[in-house]
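Below, chain A partners chain B and then partners chain C, in two separate complexes.
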Partner chain A sequence: MRKPLLTTLAAACALAVPALAQSREVTLTTQLKNYGGNGAYLAVYLTDAKGAYAGTLWVAGGKAKYYKHLSDWNRLSAGDAKRLQGVTGASVGAGRTLKVTADLADALIDAGYEIHVDAAVEDMRDSPSEVRLPLTAAGAGKAQAGKQYIQSTSYQLK
Partner chain B sequence: MKTRQTIAPALLALTLGAATLAAWAGDDCDVPVRRWQSRDAVRQMAAQKGWELERLKIDDGCYEIRGRDAEGRRFKAKLDPETLEPVSMKRRERDREHRREPAPDGPPAAAPGAAPASPLFSPGSKPRGQIE
Partner chain C sequence: MLWRQIHRWLGLVAGTVALVLGLTGAVLSLDPVLSRWQARPTPNSLSVAQLAGQIAASVPGAEEVRRLPSGEIVVYGFDNGQARASRIDPASGQVLGEYQPSATMRWFKNLHRSFLLGDGGRIAAALVALAMGLLAATGGVLLARRLGGWRQLLGRVRGTRVQRLHVVTGRAVLAVLLLTSVTALAMSAATFGWVTLDADAEPDLAPSTAITADLPAAQLPLLRELPVRELQKLNFPAADDPADTWQVTTTQGQGWIDRHSGQTLAWHDASTAQRINDWAVLLHTGEGAWAWAPVLGLAGLSIPLFWATGLMLWWQARSQRPRLARNSAPAQADTLVFVASENGSTWGFAQALHAALVQAGHAVHTSGLEHFQVPPNARQVLLLAATYGDGQAPAHAARALERIAQAPVTSARVAVLGFGDRQFKAFCAYAEALDAALRQRGWASLLPLERIHQQSAQEFTRWGERLAEQLGQPLTIDYRPRLPRTTELELVSRQDYPGGAGEPAAILRFKWPKASWLDRLRGRALPRFAAGDLLGVLAPGSAVPRLYSLASGWRDGFVEICVRRRAGGVCSGYLHGLQPGARIAAFIRPNPAFTLEATRRPVMLIGAGTGVAPLAGFIRGNTGYTPMHLYYGARDPALDYYFEDDLQRWLAEQRLASLNTSFSRTPQGGGYVQEALQRDAPRLRELVSKGAIVRVCGSQTMAHGVAQALDAILATMGLSVQQLKAHGRYAEDTF
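Coming up: the complex of A and B.
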């Protein structure tokens, strides 16, 4: 009598633990146009269902003095002192592609979250929230075109 | 009167253009003090890269460091105080030979500091950025 009970408990735990800690690998691909300028600064971040800042996935471009040109991200993330921790890299040249891969909590998908990409280029117009993509299972693989510097942005879920 | 009407928008456009240029030019840093990483963070980042620091000071709003890199070459670098990414770097190949490296653009740069603090990511995981 005791053994089946223990087996059931063990099985339940084995099933429950991965469910609690479940995450999805998201790969976001942003291809830039040949806009004929210097490397672009890009900020990739999430907003929640209410439009509030939820976190930064990646910032391309190493000089913080230019972050004010990524104006939506800079304004929304101003209260997050650790917004850059572990998520910065080089700026992205014209015509090149930035791929960002992150393990995101499963609960973020189909929960009203949106991926934003802000873009800015030296001596050219700033382009806040150039791309906005709802983070949904159905939206995976669907490319969205940008207005100014971004040819297209899409994401894949694993 | 007509001339004045034509000149005024042209002057405004020139001024705005100059302001944009000024905002992007130069190797100085402009980061509010509350966003600065500590001197210890600079030393920690240098140690991670195998750099041996001989001097650490603040210049033009950036951290400026001098020392030897992992290959034993002398160098001088300016670091962005918020990201700790090099804004400029000079290496001494031999006695009087200098080489200036441009600011990073293209190949992915290593992200300084520890794992990301954002609650979006699974604990222990780190986002990867790659430029193709």
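Coming up: the complex of A and C.
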């Protein structure tokens, strides 16, 4: 499953730099395990060095009533009225891959930011912050496994 | 409203898809029962704090506890980096085994709610649920109409086997199906976010920052208050995040607890929408209500039954639709025929009338009464109207009276012909209302109102002759009643009597043919019948059936009638000529107003001549020993004492409580039956005061005399035959 997307975090992110010339394109690839359940809801978002919410990159799964199961994201992003704007898609089936592309300000890289992925599946346990990846130039291309549903997550910087 | 049309087309279109929902729903209904089987009981007094304490001890690395609707407790956690889901005994906190939800049930669930087609499928399923709700609602309206009102909803259902299956099952599961539909829509509304379940946003928590040790779960005040029975979910605070909190969700609401101080940081009561949704889920799925789930399962299984029987009913009605040759446009027609018919039988008459008028050179337009409208060209307007139930208009013509009240009056002359059954209080009441409405508007009369009893072809022919006179030209109306499918019956025995008035009589007994269930389902067999129903017999070469009251019910295993041979009577002559082994073509016509329901009230049976036959049938079938009292009038015990031996035996067996005979042609015979009633007046009053039910069968003259005699007897009690009739306690079958 491919979900190409271009987002700028200018609105959500205090550290974003307005000029696009100073941004990097990040492509995050998340491959799910065959966990034997319905399609997974995933929230991909950023936290800053203090662990505070910095912006949402993607939410897979369209039904708002299930968002409370993406509990970290739901809690942290509660104050962001635009957290869903232009960044939602279908839930991701077991064994499938989600690809998210975003333009991030240069200043976010190597600045203590982390990419989080919350996951939840119907009638199965919730898995907030299933994956946490530090956003660094050196970390690009390095895969990390999730606790429950995610086989591996990695990102590429362009 | 055209309830029937809506019901039919929704059923044909959405019903086919609803099959999938019904069958998968029936499969899913097994789950709550099976889960309940596996679930260990939760002690009533157990608090969430106790449970969490036990789990903390027995399951290291526990992160989340869920109480499933079945009562099962599942703990999620990590054991050496390995995700685990374990079932727990709530009483002891011991691990029972791994928790693995069934993949099969998950597949059925997805098929049930989305046809495995994602959101598009979910919307389709919701639409089918809506259609199901409308089908149940329209079905309810049709059911009430069929049974003569909402109060009669529990009354006996008559009709062909397919009709009864459809109607009786509908009566049983209609409410459940309606509930299933409404709850399905409520769940869809929540799924698609049309209603918001969580009214409150996530709270801003201020957890304590002091780096102290965690308080054990067993000491958290909020958790100590909450019973496990209300628990839905409990999240342990993450080990690696000192700012994380306990989070608990119950049927009542959601709370956050500080891990260090044990203080409740926030509590949100469950929103009304959330509570309604919880109820909708419980009622729709039966999860958490294992005894309710099988009811839902049966309702699911009833859908294929509705679909199949509905399809058959539609097909039967379709193949009976009238075919009108050369139906002119309304504006060109000089003669308009309007028809109001609930089950289509009146259309048979309209068809014959239409053909005869066309043949006589008229330009005829025939249509349903709901299209009533008289263009200036029309010279005569004929209304053929059946009465339905308690004097109501047939469904399709419900607004016809309003239409007539508004239609401009022209110079055309009108005639109304009513169809009905004298058994019912409101015999031809609708036709009378139509006639009155037309007269009031000032339409010129072509013929006075006529009433036709039980679709009598003879009466219709007579009316046709009068119509021909008015039109000043001969009319050849060739009415062939659309007869029910007949079944061959074999005569097994006959008992002959000389008869009272020089006309011999015979009790004829036919074998009740055994039929396969498939034939019965297709309406190809003689349906079940009760004593008091009518047997329609078709003499060879005759298009008009004769009806005889049945002296037996299907449980007796034979079909019995008592026939007096009438001078010149085609059918009675034919029947009297039969010898055992001979076969006749016959059908059953239900006579629900006259047949006897099982009752504990005393029953007064009053009959004369061959009219004793259905009464004898009631007594024969009286296996419950209801006190039945027979007043039986004949002429001479040597000539026309039908069923004499049987009656004596039934008296000995106590199927018959008392027998009072009177013979009008023998000295000291007792005169007519109404005289016997007068002699017994005190006893009759006592029976009536005990709530007695009365059935009268005989000639019209006899029934009239009986009613007069009873009126006189009951007058001292302030009662009348009319009142008994109004309460459904008095019915006549006359000839």
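Throughout what follows, the second predicted complex is superposed on the first by the 137 of 158 C-alpha atoms of A that agree within 3 Å, B and C clash if a C-alpha of one lies under 4 Å from a C-alpha of the other, contacts with A are read in each partner's own complex, and residues count from 1 in each chain.
Note that in this section a contact is a pair of C-beta atoms (placed from the backbone, for glycine too) under 8 Å apart; a residue touches a chain by one contact, two chains touch by 3 or more.
A quick note: this is a predicted structure, and the numbers were derived from the prediction, not measured.
Once the complexes are laid over each other on chain A, chain B and chain C cannot both fit and instead clash.
Contacts of A:D123 after superposition on the shared chain: both chain B and chain C are touched.
When both complexes are overlaid on chain A, the residue A:G36 reaches chain C alone and has no touch with chain B.
In the superposition on chain A, A:R75 makes contact with chain C only, while chain B stays out of contact range.
Ranking chain B and chain C by residues of chain A touched puts B first. When the two complexes are overlaid on their common chain A, residue A:K147 makes contact with chain C while staying clear of chain B. Once the two complexes are overlaid on the shared chain, A:K65 sits against chain B and chain C alike.
Where the contact sets of chain A with chain B and with chain C meet, they give residues 38, 62-65, 90, 123. Residue ranges of chain A in contact with chain B, taken from their complex: 21, 23, 38-39, 46, 54-58, 60, 62-66, 69, 81-93, 96-105, 108, 122-123. Looking at the complex, you find that chain C touches chain A at residues 63-64, 66, 76, 78, 81, 83, 85, 101, 103, 106, 110, 118-119, 190-193, 196-198, 201-202, 235, 247. Against chain A, the residues of chain B that register as touching in their complex are 20-21, 23-24, 28-31, 34-35, 80-83, 85-87, 103-109, 111-122, 125-132.
Contact residues of chain A toward chain C in the complex are 36-38, 62-65, 68, 71, 74-75, 78, 90, 123-126, 147-148.
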